[in-house]
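Scrolling down, you'll hit the structures one after another.
Shared chain: chain A. Partners: chain B in the first complex, chain C in the second.
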Partner chain A sequence: MSRAVLLCVVGLAAAVAYPLLVPNYLVTIGMLVFFTAFIGQSWNIAGGFAGQTSFGHVVFFGTGAYTSTILQVTYGWNPWLAWPVAMAAGGAVGWMIAVLSFRAGLRGSYFALITLAFAEVFRILANSVPFTKGGLGMLIKADPRPANFQFKDPIWIYYLALLLCIVSLLIAWQLTRSRFGARLVAIRENEDAARALGIDVFAEKVKVLTLSGAMCAAGGTFYAQKYLYIDPGIAFGVDKSVEMLLVSMVGGAGTIFGPLIGSFTLMGINEVTRWLASVVPALKNVQPLSLIVYGIMLILIVARLPDGLMSLFRRRPRHA
Partner chain B sequence: MFDPAFLFAGVLNGLLAGGIYVLVAVGLTLIYGVLHIINFAHGSLLMLAMYAVFYLWRLIGIDPYAALPVVIAGAFGFGFVLYRLLIGRYNHGRDENILLITLGLSIVIDNVALLFFGGDTQTIDVPYAGTFVEIGAAFLPLPKIISFGASLVICAALGVYMAKSDMGKAIRAVAKERQGARLVGIDVENVFAVSYGIGIACLGAAACLLMPTYYVTPSSGHAFVLVAFTIVVLGGMGSFAGAAVGGFIIGITESLGGLFLGEQLGQIGISLIFILILLLKPTGLFGSKA
Partner chain C sequence: MLEVRDISKSFGGLKAVDSASLDVASGEIVGLIGPNGAGKTTLFATIAGFHRPDAGTVSFEGKPITGLAPHRICATGMVRTFQITQPFAGISVRENIMVGAYFRTADRRLAAREAEAVAALVGMTDQLDQRGADLTVAGRKRLELARALATGPRLLLLDEVMAGLNPTEIVEIVGVIRNIRASGVTILLIEHVMQAVTSLAERVYVLNQGRMIAEGTPAAIADNEAVIEAYLGHGAAKVLRA
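Moving on, here comes the complex of A and B:
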């Protein structure tokens, strides 16, 4: 245990020192690693720990991004105040989807597909209703003051992403040692057996999806404040859903550090393919190349390494 | 807007589109019914077949309808090999796993297409594209009518094959009771591979019938995947009659949705039907209790 604590302390010190030592470009990449790890962790809590695989997690992300942006742009709210409201909205959407789907008894692939359909409904609505400004998307006026949740120096947004990531790690850690977390694992491993043991399966699954939705929505607001722009394709498109699923699956679904490791790995692949594309002129399309690698990794991980890259680091057998 | 002639044209157009959706959905429902896997790569494989049709026309000048036998055979072979090399090895165990593997497959296929074919929208200009047929108050493009007819013929042929041929009987036996089928000496793994191949061959046929009036981009698969799942879930997973009826209902829903709600909001009907069916009657219209 003390070795693990030591590793965490060293890792944290490195993460804090990192932006002070590298150019801005690398600071932003570091920020993206922690941000993606954060939203990946929100997926992991439902999809990894509780085994409720979702293909449409972006629905929470988009709800958070749109809620805070609309409050800010249309109603003049301070984004810091809008942030908890956005999280509440994401939690509410998570609660709604969970109650509807789990009441209907949807499991496994069916649950994955219905979340995809919910995200699609939200995307079409965001494209059509007036208060989201439709397909034009919403611009947040640039006004870089910390009080305004906008930062001139990328170092601050980096530290904020790091903080979010740490909070998400603490939540995941808490799940591994609380009774709630143990019940979730029981549900993942065998839902009927969990019910037979007296676990209120429905209530626990609703709880975890609400928590996951709120976390993911927090990521949505963060994203909107960083890029100062969202549109229906970004906020509710399938790409972000896949990204969250990928980092968790690749790193190790249902593990504390899985999403972070997955996020590091994917960002590393991104940078390698970017470099490759700059060297080999035939590969001028970078984006598809890295996604091809992600897809192959997903297949290999599911087929060969169900506990993700985490299992390569671990010596003890998994307590599941 | 509520002019009956307008409505009539909308319904007819929806029926024509639905005819091709049926073919896409029959492939998906066959794969589900026999293998019990949800083939998330279905849309991406359709997109790939559409590119095959496009390049056969662009490079060798083969008309999309004339390409039917080649593309169907090619798609069958592709599906068969894909099953043998990848899907078949992992289709046991948790059902989310195979869903994730086919998701990974669709990511790979979509992006390989983007890498090699580029992101541009491609269309085929057939000489008869501008020919219209007048039915009542509706003007319908000739290729859509040809495709509709061809789709029904292919579905019927598949139905006869499933009912009469030895392989068809073996497939149905495996779908009903795979242990029993194995006990009476059916090579179940081979039946799985053939079924997956036939499912993908249906996509090859659909691609030939779509290309005269549709376009293809590397993201075309996305547009079809939810439509195909909705049809299959609506009809009942694994049910052929369900896929046929579901295809027409979804075709008409899409057409009328576009007519009354506009291009953007009109698409919402399909997703809503999908959600409502799953929530209220997950066995669909024709499905048996799983």
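Moving on, here comes the complex of A and C:
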């Protein structure tokens, strides 16, 4: 145990010191690592721990982004106040999707497909209803004051992303040692056996999707405040769903640190391939080099390390 | 304790259980036997809430439980195991049993302690840290038993816990089941191996083609013409007596 605690303390110290030592663009990359780990963790809680694989997690992300942005732009709310409302909205959407799909008895790939469909429906709606300004997207007026959830110095948004990531790690850690978490794992491993052992499978799945939706929506608001612009493609596009799923799977679905390690790895590949493309002339025209590397990496991981990179570190399971 | 009255359950055109009734009194070990495909597992699943019966009623300790969801039935104090074992494959035996123990407590330490106590009762102490997926058939059967037991039931429905075991393992698990009964748990068990049941049960019900065809002590059942014919075919009773 003490070795794990030591590692966490060292890691945390390094994460806190990092932005003080590197140029701004590296600070922003660090911010993206933690931000992606955070939304990845929101996927991991439902998809990894509880085994409810979603292909459309972006529906919660977009709900959060749009809720806080509309409250702010259209109704003049302070974004900090809009943030919890956005989370509640994401939780409500999670609750709704869970109730509808689990009442209908959808499991496994059917559930994954229905989440994908929900995300697409939301994207199309955001494109057509008036209060989202349709395809034009919504612009948040730049007014960089901390009280306004906008920061001039990228270091602050970095620390905020780090904080979100830590909170998500604590939630995941709590899942590994609580009854709720044990029940989620039981549901993932075998739903019938879980029911026989007195678990209200439906209620637990609704709970976890509500939690996951609220977390992911918090990420949506964060994103909107960082870039000050959202449109239906950004907020509800399928690539964010894939990103959340990918970092969890690459790092290790159903583990505490999986999404963080996955996010770190993917962002690293991203940067290294970008650098390679700039120095090796032959690679200059291989445009999305990072995507090619992602693809190869995903194939290797699915084939060789189905439990993700985390399984490289795992020792025998221990118990208190 | 358990009263099952005229339960019927069909799947499409097939009448899997046809107006079957049975009673279990507190403290008993009752057997439910019958040839393959007799409808034993369907009857069990219906009692435990996994199927909704087409007709008939189930009551447990005087309270009607017909058609309740499995987790609600578990909450009344009755829990089933599966013939085809359903371990939580990716987690340890200890964590498997803790899922059952969490039914009674939200405290992790208490659940872990309870899991160890139950593991000792079924003889799995040495396997606590093995993964569910790595167990042998005998280990999986014990795990089914342990998990169910950890929920703290007063009535345990065991679906063929001896099928697929070798003679030594059967002797061991018979001992385990006796211990469980001695700890105050009533047991209703399905077997299609007759000898296994006769060594354990005080009373036996025989199901054939969805119908209850006999009930009585194991000795009386073994002598029952309808039962012999159900197992060995029409006319078999006459041949055996000759």
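Heads up, the rule we're going with is that the second predicted complex is superposed on the first by the 310 of 320 C-alpha atoms of A that agree within 3 Å, B and C clash if a C-alpha of one lies under 4 Å from a C-alpha of the other, contacts with A are read in each partner's own complex, and residues count from 1 in each chain.
Rule of thumb we're sticking to: a contact is a pair of C-beta atoms (placed from the backbone, for glycine too) under 8 Å apart; a residue touches a chain by one contact, two chains touch by 3 or more.
The structure displayed is predicted, hence computed values, not measured ones.
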Three-chain arrangement built on chain A, chain B and chain C clash or fit: fit
Thinking of the overlay built on chain A, is A:P288 touched by chain B (first), by chain C (second), by both, or by neither? first
Per the overlay, which chain contacts more chain A residues, chain B or chain C? B
A:E189 contacts which: chain B (first), chain C (second), both, neither? second
From the CA centre of chain A, what is the angle out to the CA centres of chain B and chain C, nearest 10°? 80
For A:R179, is the partner it touches chain B (first), chain C (second), both, or none of the two (neither)? second
In the overlay, answer first, second, both or neither for which of chain B and chain C A:V302 touches. first
Report for A:L197: first if it touches chain B alone, second if chain C alone, otherwise both or neither. second
After the superposition, what is the least C-alpha distance between chain B and chain C in whole angstrom? 11
After overlaying the two complexes on chain A, where does the chain B footprint on chain A coincide with the chain C footprint? none
Can you name the residues of chain A that touch chain C in the complex? 177-179, 182-183, 185-186, 188-190, 192-201, 316-317, 319-320
Considering only the defined contacts, which chain B positions touch chain A in the complex? 38, 86, 89-90, 94-97, 99-101, 103-108, 110-112, 114-115, 222, 226, 229-230, 233, 262, 264-265, 267-268, 271-272, 274-275, 278-280, 282
Inside the complex, what are the residues of chain C that reach chain A? 48, 50, 69-71, 74-75, 79-82, 86-92, 94-95, 98-100, 102-103, 106, 108-109, 111-112, 129, 132, 147-148, 151
For chain A, which residues are in contact with chain B within the complex? 51, 53, 55, 100-101, 103-106, 108-110, 112-114, 116-118, 120-121, 124-125, 127-128, 134-135, 238, 242, 245, 249, 283, 285, 287-289, 291-292, 294-299, 302-303, 306
